[in-house]
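Chain nomenclature is as follows: A, B, C and D, assigned in order of appearance, with residue numbering initiated at 1 for each chain independently.
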C-alpha cells in the first residue's frame, strides 16, 4: 500500500486526486494538506466526500510529510514547491508535482514566462516530464521527481506528437486553438470566474502569452528533434470540465509532391497510440467531444486532412482534471511504484 | 458471473446501466437491446464507450433473451413490458423493470394516471417495489420481478419516509416540490428538450397530474399505514443530472402541545438510515445539493424545522440516472443474486 | 429630462439600471456611483457598455449627489442607505431604494431578520412600497422615498395577491417554493458563486430564514387584511437570470362545500391584472417559464387547481434584474415624475 | 411604414426578426409565414411574444405575399428561395434572403459545397451581399435582392477584412477557428441538439467542409483582390447565443524586414471601422467576449501581434441571431428603404 500525502488537497486538482485515490486499491491518503482549511474536516470543504473521507485538513509541512509518506502530490501555486524543495526531502520521498516548477528544462524560459525566480534549479535536470505515453521508460522506481504535465499541454502534445515525430508536418506552421472548461481556472474567489461572468459566453485569454506555450514547444521540439515555435490560444468555455485542442499545421509534401494520405497520417497515430490504453484514436470522420471523456483518463484524438489548403486539422479532447492533472499524476504514481499503470484509473466516461 | 440483458440499452437510463455494469465485478452484459439501433456498434451510439464496449445492438426479442441471461433490465416505455411479459419468461429469468408497469398495486390507479390499459395485471401482485432501503427483505433469490422505483419517487419517498413512519408529520399536509435535470426527459428528439429551449430557464410541468404522484402516495401510505394524498410538482432545471426534492409538511404536535425537536426529527432519520450506506443524513444546517451526489448512488437528505409555521422542510438529492434509475436497478440485481448490495456501486460523486 | 444618479452602479442591479436607462427617452444618468471603481470608465467594468457609456465611476457622496440630480437609485447593501439618509437629502431629491431598508414597516421585524440596527427608522413610515401594480396610487409627485420591492417578493406577491385579496385561499396554508438564477447572488467574489460551484447543480438555501419572508408576509397581510405567516424557500438555479415562484395554498371552500372553479380563480387574476401591461395571466394549462420573460419587465402568472388535494398551485416568473429590481425601479421613477409608466420599459423578452 | 412579410418566422432567426421588428418604429410585420404552424397564434410558438404579437401563422405563399408587403425576409432552408423566386415576384417586392442561396457568385461553388442544384442562377448576379459595413453603397432603393450574410461569415469577414484590404497579412496563411452558441443549429428536433448532448461539452464539426468557408473566401478575395483559400473550423459551444471567431495569419513584413506595429495594425482597423456604429474595435489588450454583445447588433473586434511567430491573432464576437442574422437583415432593410441604418437596432447588449 502506497502512503500518499497531498499538498493543496482542496483545490480542484487536489479534489480530483482525492476522488481517484479514494478507490485506488494500492494507495492510501494519509495527509490532506490545505493551508486554507487546516483543522476542517475534508468533507466540509468538498461535501461530495461526506461519509467517504473522515480526515481533517492538515498544514503543508513538507519535511514532516516527507517522513510519513511514500509519495507527495503537490497541487500548489507556481513557485511554491521550487521554494521549499531540498535534497533531504527528495532523499526521503517521491514527489509528483502538479505545478509547472520542474516542467521546463531551460530555467531562463521558465523565469521569463512565469515571471518569477526559480528557487531550486538544481532539481530541474533530474525531474522527469511525466507524460507517460511518451516518457514511460523514465518513470520508474529510481525516479524521485515527476513534473506532471499541464492540462492544455497534455492535450496539445498528445494531439500533435505523432505527426511531429514522423516528420509529417511543418513544425513552423503549428497553431493550437484550445478550449477549456472553467475548473481549469481553479477555486479561487475571483469575479471573472463567477457563474454569471462565465455562463453563456466564450472568450480567448492569454493570447500569445499563455504559460503553457513554451511547455508545448519544448516537448514537441524533443519529438521533432528541432526547435518549435508555435501559437497557442486558450479559450474559456462555459462548462465545468474538459479541454478540446484544435491544432493546425501544413503537411509536408512527399517526394512526389503529393500530400500524405489519410492512411499515412492514421498510421502515424496508430504507431504511437495503438497500444496505449488511455489514448483513443477515433474512427475516421469522428470529431472528439470533451463530454465523451468526462471523468476518465482518456485522450480522444483524430484528424482531418484538408486537400484544399494542404493542412491537417488535429483534434484532441481530455478531462482537464483527470488526464490533464490528477489522473495523469496517479498514472505516474503507478509507474513510480511498479503498479499496473492503469490501476485506479479504470474510469468509464460519464454521459450525459 | 451474472449474465445480463438490457432492453432499451440506448436511452439515458440504459446508457447508465452500461456505464455501471461495465465495471461490475460479477456481472456481464451479453445483450444490448435497442430497437432503434439494431446492428450498430454500441459505442457508435454512445461514443464514451469507444474501446470499452465492442458489442453490437440487438433487437428486443424478450423470449430469446430470457433463455440466454440471468436477469433482464427493461428500460422501456410505459406499457411495453406489461404487453409482452409471460409466465414462461418469468419462469426463466429475473426481470428488473425500470418502467412503471408494475410499481402501482391498484391497476385502476395505474390505468388512470398512465392513460393506458395494463396488459398483464396478473404479475402486479408478485412484483416487488425495489426501493431497497425499505423493501430489502423482499428482494432475494426467490423474487422474479422487480418494479424499479421512479426517479422522482425514489428521491421523494426517501426524503419523507422516516417522518411518516414515525408519525411525526400530518400526512394530509405533504407537498413535494421537485426539480430535475434534463436527462430525466430522455433522449427523444423533441423541441422542448433542445438545448436552447431548456438552457437558461426553469419551469414547472405536469402540475397536479404527474404520474409519479400516485407512486409516492402509495409507498408513503404503506409507511404511515394510512391513505396519503399529496401535491407533487416537478420542475425542469438546466442541468444534465440530479433531482432535488423539497418537501413540506406540518409537524404533529406532541402531547404537551409542543413541536418535535430538532433532535427528535433527526432521530427518526437516523433510525432508518444510520446503517444505510447509500443514504447520507447531512449535518444540521447543510442543505443537499444535487452536484454533491452526481454520478453516485447516494441520496443526501436533511431537514429544517420552522417554529414559526410549525412545518418541517425536508430536502433530498439524488442523481436521477443512478439512484433514480440504473444504480438502484443494479442494487436490486445484487440483492436478487445474493451479491453484496453495493457491489459495482462504489461510485464517488464527481465534483465539479 | 429626469436627471438620475445611481449609487451602486456596478453591481448587477446597478448594471441593469444603466442598461435600461441608457435608452430611456426622458432620463439621463449623470452620476455612476461605485465605491470600488472610482475613476474607472464605466465600460471598463461592464464591457457591454463600450461606446455606449463614456462616463467614469464616481464616489457615493449622497449629499453632493442630492444637489445634482432629480432622483437617486440606491442599489446598495442592506443598512447602507438607512445609515446616511437625512431629511435634508430627502428634501432635495427623490430616492428609489433597491435595498430592503424601508420595505418593512415594523422596525423590530427588520432588525430581527436582517440582524442589523435600523439607523433611520423615522423615514420608514413615509416610504412607499413600490410594487406599482398594487400601490400605484401612492407613487406620485409627492412621494419622496420608494422602497423598491425585493426580487423574490415581487414574484411571490404578484403570483399570490389576487387570491388572498379575494379570500379564495386559506392564508395559513401558503407555501412559496422559489427558484432563482445566480445573478440574484450579486457580483461579489465568493467561492459558492463560482461557475463550477453553481453549474450543474441545484440547492435550497436560507431555508425558513430568508429575509424576503417577512416582506412577503407583510404585503400579503395588507391584501388579506390579516396576519400572514408562510413558508418561503429559495433555491439557486444554474442560469443567469430569472425567478420562478411555485406557491401552494388550500382553497377556501364555498358555502356549498365545493371548491372555487377554474373560472372563479381566473376571474380573480383578471380582476387585478387584466389592465396591467406588465402582468400576463397565461392561457389555461400554460406554465410560466423564466426564459419567456428574460430581459423584460413582465411577470407571467398562472395557476392549477388540484381537485384531489383541494389546493391551488400558483406560478409566477420574472426576470429578477428587471421586474425584480431595475425595471421596477424605473417603473417607479416614471410614476414619480408623471411619465408614462412603461416608458423605457418596452422591452421584448429575448428568446432563446 | 414598411410592410414586412417573413417566411420562416418560427425558426430562431425568424423569431429574432419578430423580436426586433416588433419595436421598429417604421416597420410592421403583416405576414408571419410558417409552414409548420399554420393557423397557430404566433405567441403559442414563442411564448415570450404573448400579448405582444396577436397574429396567426400563415403559409409561405410567396406570390400572394409579394402583393401585400414591401419587403420579404426569407429565413428558410438552403435552396428554398432559389426554387421559387421569379422575376415577377422580384418586380413587386424587395427580398432579404437569410439563406445562402444568393451569397456566392460562382454557382458551381455553391452547388459543390451545398450539394444541391441552384434553381434560379439568373438572380445571383444582381443579388447584393448585404454586409452593410462593406457593401453599404450597393444597398439602396434600387436593390431588389439582398443575400444576407451567414452568421459565421459575418463574424469572420469583419474580423479579418481590414488586414486583407490593407495588405497586412499573407492571405495564404489565414485560419479561422470559430465557436458558436447552439441557436445556430436551429430549432429542428434532432438528437445532437438536445440539451444533454450539447451541455457540458465542446466539439468541432464540419471540419474542412463547412459551407461558410467559400463565402468567407469569396468576400475576403474581393477585399484583397486575389484568390483566398483558408481553413475554417466551427465548434459547438454550450450556450444559446454568440459566435467568437479566432483568426490567425502571418503578417507581411515591411520593406525593412520588420513586422507591422501594433499602431499600424490598429490603424487599419480604425480606417474601416472608426465611423461604423456597429463595429467596436476594443482597447488594446481586451479580448472580445460573446456575452458583451449579446442581444445587440455589435461586432466587437481586436487583435494581438505575436512577435515570436510573426502572426497576428484576430478576434471577433457577435450575437449570431442579431448581427449574424436578423439584426443585419433589418440593417439591410433600413438601407433599402432609406431609413437610418440603425433604426430599431439601438439594442444595448444584455449582461449578465
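Heads up, the rule we're going with is that a contact is a pair of C-beta atoms (placed from the backbone, for glycine too) under 8 Å apart; a residue touches a chain by one contact, two chains touch by 3 or more.
Since the model is a prediction, treat every value here as computed from it, not as a measurement.
**Q** Looking at where chain A touches chain D, is over half of the residue numbers used by both copies, so same, or under half, so different?
**A** Both copies touch with mostly the same residues.
**Q** What is the chain whose Cα centre is as far as it gets from that of chain D?
**A** Farthest by centroid: B.
**Q** I'd like to verify one number: the distance from the centre of chain C to the centre of chain D, where each centre is the average of its C-alpha atoms, in whole angstrom.
**A** That gives a centre separation of 37 Å.
**Q** Whole-Å distance, chain A centre to chain D centre, using C-alpha means?
**A** Once rounded, the distance between the two centres reads 38 Å.
**Q** At what distance in angstrom does the C-alpha mean of chain C lie from that of chain A?
**A** Roughly 46 Å separates the two chain centres.
**Q** Mark out which residues of chain B touch at least two other chains, giving numbers and ranges.
**A** Answer for chain B, listing residues that touch two or more other chains: 12, 183, 196-197, 199-200, 238-241, 289, 291-292, 294, 352.
**Q** In their complex, what parts of chain B are in touch with chain D?
**A** Within the complex, chain B touches chain D at residues 12, 182-183, 187, 189-191, 193-200, 238-240.
**Q** Once bound in the complex, which stretches of chain B touch chain C?
**A** Residues of chain B touching chain C: 175, 177, 179, 181, 196-197, 199-205, 207-208, 229-231, 233, 235, 237-242, 244, 246, 248, 287-292, 294, 304-306, 308-309, 311, 313, 315, 317, 352.
**Q** Spell out the residues on chain C that touch chain D in their complex, using ranges where they run on.
**A** The contact residues of chain C facing chain D are 12, 15, 19, 22-23, 46-52, 183, 200, 240-241, 280, 282, 286, 289, 291-296, 300, 346, 348-352.
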